[in-house]
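To start, I am sharing the structure in question, which I have written as structure tokens.
Order of writing sets the labels: A, B, C, D and E. Residues in every chain begin at 1.
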Amino acid sequence: MQMTNDNETWEPKIIAFCCNWCSYSGADLAGTNRLNYPANVKIIRVPCSCRINPMFILRAFQRGADGVIICGCHPGDCHYMTGNYHTRRRMTLLFSMLDYLGIEKERTRVEWVSAAEGQRFVDVMNDFVGQITKLGRCRRLEDLRCRTN
Amino acid sequence: MITRISADRLPELLKQISELEKLYIPVDKSDKVSVFEEYEPGKVMSTKLNTLRSAKDFFFPQVQPMAKFRMEGKKIEVIDPRTEAEDYCIFGVRACDVRSFDVLDRVFLADPVDTYYENRRKHATVVSFACSEPSETCFCHSFGIDAARPAGDARMWMTEDTIYLEGISGKGKALLEKLDLAALSAVTDEKAERDVQEEVRRVHEIQKKMPLYSLTPADNREKELEIFHSPIWKELSDKCLGCGSCTFVCPTCQCFDIEDFDGGHGVERYRCWDSCMYKDFTMMAAGTPRKTQLERFRQRFMHKLVYYPIRNEGMYSCVGCGRCLRRCPIHMNIVKVMKAMEEDAQCETKN
Amino acid sequence: MQKIGVFVCHCGTNIAATVDVEAVAEAARHVPGVVYATDYTYMCSQSGQDLIQDAVKKYGLTGVVVCSCSPRMHEKTFRKAVNAVGMNPYLLEIANIREQCSWVHKDKEIGTQKAIALMKAAVAKAELDSPLTAGETPVVKRALVIGGGIAGMQTALDIADAGYDVDIVEKNPTIGGKMAQLDKTFPTLDCSSCIVTPKMVEVGQNEKIHIYSYSEVTNVSGFVGNFKVTIKRKARYVDETKCTGCGLCTEKCPMKKAPNEFNLGLNNRTAVYIPFAQAVPKVATIDPNYCLMLNKGVCGLCSKVCGAGAINYKDTDKEIEVEYGAIVAATGYEIMDVSKYDEYAYSQSPDVVTSLEYERLMNAAGPTGGELLRPSDHKRPKTIVFVQCVGSRECDSTRGGKPYCSKICCMYTAKHAMLTKDHYPDTDIYVFYIDVRTPGKNFDEFYRRAVEQYGVHYIKGAVGKVTPENGKLIVQASDLLMNEQLTINADMVVLAAAIEPSHSARHLATMLTASMDTNDWFTEAHPKLRPVESPTAGVFLSGVCQGPKDIPETVAQAGAAASKVIGLLSKDKLAGNPCVAHSDEMMCTGCSQCADVCPYGAITYVDKEFRMRDRTTKVRRVAQVNPAVCQGCGACTVTCPSGAMDLNGFSNSEIMAEVDALCR
Amino acid sequence: MASNYTVTPEEILAISGVNPRKCMKCGRCTATCPAFDEMEYHPHQFVAMVESGRIEELMNSRSIYRCLSCMACIERCPRQVDPARLIEAVRLAVERKQGGNHLIPDQVPERLDADMPQQLLVSAYRKYTK
Amino acid sequence: MQDELKKRACELLADGTVNRVLGWSAGDFFYDITPTVFESAEDINKNFVYNDFCGANLSKYLIAESQKEGKIAVFLKPCDTYSFNQLMTEHRLKRENIYAVGIPCDGKVSAETLHDAGIHGILAVKKDGDDLVCDTVYGEKRMAFDVAQDERCRSCKSRKHVVYDELIGEEGEVLDSHRFDEVEKLEAMTPEERFNFWQGELSRCIRCNACRNVCPACNCELCVFDNPKSGVFSKAASNDFEDANFHIIRAFHVAGRCTDCGECSRVCPEHIPLHLLNRKFIKDIDTLYGDYQAGEKEGQMSPLSAFTEDRDAEPSIVQKGGIR
């Protein structure tokens, strides 16, 4: 591992999976209202939070993401009725397992953001980026072959 | 010329070697786990019979980077990761694993030479370690290997209080010469020779008591097709889980696959162990040549006991280390296969 | 090799102000797979779309990425545009560089870098996009309404009005439902049967409507537009086509001890019966539990008197299978069994009645001919206690209590109190309430009338115990406002029992793969926006089966359900959503986990024969997704351990390619 | 120590294990209470008082000793608020305030005497056999 | 016990109940046990064994065997019956082709444990009271049976057979095991320590797939890691990520389905305590969603497919050390 003094230039990479119906619209609303949040957050649109396979989250960490956040409709509001209930169980268990393996629980998060909660989306992202920045680079699941250099 | 040193000087001996070149010794990580590791002062050499993984890793590691393709936009640059290896010493290799190097050499060093293997192989000095307490799973003697007098560049015996060293090849002798043996109060004398002879005799006596002592492989070079079509394979392979543990712990299995990994900025091409027991082994667009577990199972054992000897003057590509006997989840191991082949052959002759 | 075109929109200055759009286009040109990239002021304008269309033709593009506003804005626009020049619309991807980039970042450098990353992710996904075509299925132009109460009748009438055939399946011998049993309706106090019986006649006479009375749905298969429904026609022992409903058989029948369901068992009827005078269809039914001929083989009187020769003792249950395009559940409600609430002595005294029983006791066509007489001694009650919320709003379900408010009790109790006072002004009426809930047009006015005009004693508090004693009912209760404990010697106690879903609803929901809440009310597809649709496509909800409602609400929902059905039946073919799950049968193990999580019941299993690599064949159970039913949530794709399930348009490899690109 | 002991509503809730906020003020507890006439505060008031934090008043009231622990209110309560449990908890709080604590069942027999009210025995019996 | 099983197996063949018997046979030693299908009484009398080393779970073999012609008898130890039920739940077995015989088990031993304890040259093993007595070339060696047992047997969850057509011996009970103790120890560590622990263990993984191929829950037609189209295809554990990724995904795929039979840890040639991953999921599921034992009943819904609308914990419940 040769990246010792790169923390000055280091910017966290954060992948946000957003469900199409609530959270992606919430993120759009944040834009419509011209609310700011860090550019480190990159959003991937999925039809429902229950579409998110643990493989995607591990993949993000492999490729150098420092935090992964999943946003879905509030429980009870899922466009597909039950999707986020599945997400809730799956991700609770997955995050617990990741933490068990030493991948700090602060690096993964699930938030319920509705289409009306543009401000909340921004607050959540600001908070999450801050949290990841404090934690620093995620090396524990990183695949060095994916490094730029 | 055998040199004897007091056994409690072993750490100093190791330290001396490590000052000359990189040194690898077997280390016990726990009761259950022993592995080859780079020597550092304070590390204690394992006297376990065998490491979990075989010593083939040194020359034929599980993952061997072969090339890198760096991509910048639409430009591609090819990078050769090969660099000349430094000299290093592998200390404490058992007789069976030492023989496995010969088996692998005949594959990788035959024309065309595998440069990745050759690079690692030619820089290594192998110091073998005679077995003092063979186990019932050991059957190296079946393949003409003397566990009590292992091959290698140099060899070592260890009794309760003494270690004995002997150089074999030029490389091995040279290494021993470079050591300051006097500082270890080493003695080279007749007693050393006698002690070793006695130790070898003792071990041979023990071996005679082992259940696998009488196991002798038949020379099957003439019976290739007969064995290939034998009914034994179905029964044996039905039980096989097709997991591949045997191939991965085997010191002589040398199948590999070449894969590309796209890391986003470039592609890394690497070679990694593969197993002929896998259903996707040598998968091609049209499928695989061996479609059933029977064919795959047969392939592994035919290769070890028939095909390899045919091409290598009767040399088997099993060294009797016993790892597969211990690790196969369902104990469907090479000994059972050898015995089934033998029984089958006897039936044939009777008929 | 893919040939991708990238089109970067300025959106005036909306994007261009914080994103260097030219730099994004330039960066795109260096991305492997991209053969053309450009930027333009308004990509969504006609000339912008022309630009895309020209490039598709000129460069033979295999994929298009538009970097612009949210896909929720213009994905459809651009998909239509590329489709117009022969490209599959699902080969187009949007990179959202406005809402999720230029509008949320201020620094142009940062904005540009992020826009480039988003563009690359979209390109990565576009490279893996495959053309998708929505499947089409024909629609059977016939609807099924399950339940013939006011909800079912209204839905059927509205659908029939639009010219479509409708069948009603009703488990009772007549349609009409609960409303036919009511005396008056609140808050107008108009006669219930005067409203509902003309509707029943209208249904019976409508040539587009076919009534399967005394029938049940026993199996449902298929999916939206193409349901196959098995209807069991229970043996009636009377030929519907011959019976004229003259009623002669019911007069002659010697077996007169069958409890009269229509009057809730408050009196008896004959073994051959017509539930009530205005029944539709007006056809007699023989009750096999009581008929002497069917049980003992002696009698046969009805057959002898029937001039039409309609009686058939050898009748058996028959099953018929009918195809429908849409199904409406209108299964209504039942009154909860209050016998477990023994403190109210319902099972100890006949003078403790439920409100529906009280309704019959008040009804001119009821067992007492409309005169209010208490069941035990047929005397007129002088003091009547009404107990509210019996079984409703309960946390504890061990006695069958319901956590919900039954909604209609407050109003019908006020109605009962007033009607009673109207007929017998000297009656003392006490209503023990927890809350009085009167939201609705003219509802509170109605309730206040009971208090102010009629002097009904409304007491905030509950009844603790009812003890039958010497022909009286000793009611022990609390008055919370006065902070005192009361004892009332009542002649009758009327329990406002909770209403609960029809007991057959759960079984029906399973057949329909429609979901239900924990109380067995049908769940709507969206609680706000799709209140009359079930989450299962093609299944609609009408009336109380979805939750407690009064009559006008029920009728309104029935009409809404009808309009949804009409909307569905008006289509000749249904175009599906192509972004649906599909299973790779070679990999599927048939473990059923995907079906467990599918909220739509879109996954079924078949035993399929496979040719193995070694040329043997093997029969395996594999999952199949019905694309007409699947809505594309993707829950199954994650639950599938072998990765056999994947989602079109959001495949595993596509999402991972996006992850890779964004992490780069 | 003992005299400084103050009782918070949270403590009452922890002891009783019920949530008085679930009460919808139907009054079934009061309607059914056989000791109603003896009480200054009635079961439904108990619930309201605990909820609004008026614990001290309750502890000083004789009403809590009028409860027979007949559990009729628990039986009737539709919301699982179980007033009798709250009353029991308040009684326990009083005892704690006096420096006492839970009795263990073995200590009960030695404290029995002829003056002990019958209802206390019944109450203890119910408590310790649950 | 062995004789009783042999007798019963022969009877079942003789009376035509079955045409094959799935049991165990040994090779040169008493411990190199191989699951074997017997077709004749002769074969059974000659080769059938049932001893302390018969740890192999036979239920997975039934996936293929029950598809074949005729009925097969299978001997199932208590923990194997859980796997059997789970496979039934997942529609992987043809029940009508199986005759399940429940047999007792009081803990199994792997020869590896003896070897690792330095007992070599073993010629025979006997049980003597609470000890295993090994007759070796180097003299008699003793080891307490408790210590010699596989980890999974020391923390045995159940001696009860949850399914069988016939039971030989006495029925046991579900035990109050301490199988989560090790998991709890790990949870109590710092993330750093946990990470180092797991990296130390998982980095030894050689991706031989023994854990996967022996696992009754891993019965996919094609594993995602063998499927070039899955996006996670890879043959080698080329680095730390791949090591962890394989085992996390595998544990997740069997979560809610893993019966904790412990075969994965038994067969791992690198002695990686894989059961600690599966048990973490089991423990979390028990804590959050109520006790659930996969395979306890046929047709159970996996807790990962089920949910409650209002009682499920939010993912934020995961605190340091996961769910405690």
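In this section, a residue touches a chain if its C-beta (ideal position, glycine included) is under 8 Å from a C-beta of that chain, and two chains touch if they have at least 3 such contacts.
None of these values were measured; they are calculated from a predicted model.
Under the touch definition stated at the top, chain A and chain B share these contacting partners: C, E. For chain C, the chain whose average C-alpha position is most distant is B. Farthest from chain D in terms of Cα centroid separation is B. Between the Cα centres of chain A and chain D there is a gap of 50 Å.
Separation between the centroids of chain B and chain C, computed from CA atoms only, is 69 Å. Centre-to-centre separation of chain D and chain E, using mean CA positions: 53 Å.
Distance between chain centres (mean CA atoms), chain C to chain D: 46 Å.
Of all residues in chain B, those that touch two or more other chains are 261, 264-265. Taken residue by residue, chain E touches two or more other chains at 224, 231, 238-239, 304-306, 309, whereas all remaining positions touch fewer. Of all residues in chain D, none touches 2 or more other chains.
Chain pairs that touch one another: A-B, A-C, A-E, B-C, B-E, C-D, C-E. Residues 54-55, 58-59, 61-62, 75-76, 82, 85-86, 88-105, 108-110, 140-145 of chain A are the ones that touch chain E when the two sit in their complex. Only residues 30-32, 612-614, 660-661, 663-664 of chain C touch chain B when the two sit together in their complex.
Interface of chain B with chain E (complex): residues 29-33, 35, 49, 52-53, 62-63, 133-137, 206, 209-212, 238-239, 241-245, 247-249, 257, 259, 261, 270, 272-275, 278-280, 323, 325-327, 329-333, 335-336, 339. Taken together, the chain C residues at the contact with chain E in this complex read 518, 586-593, 596-597, 605, 618-621, 639, 641-644, 652-653, 656. Of all residues in chain B, only 71, 73-74, 262, 264-265, 287-288, 291-292 touch chain C in the complex they form.
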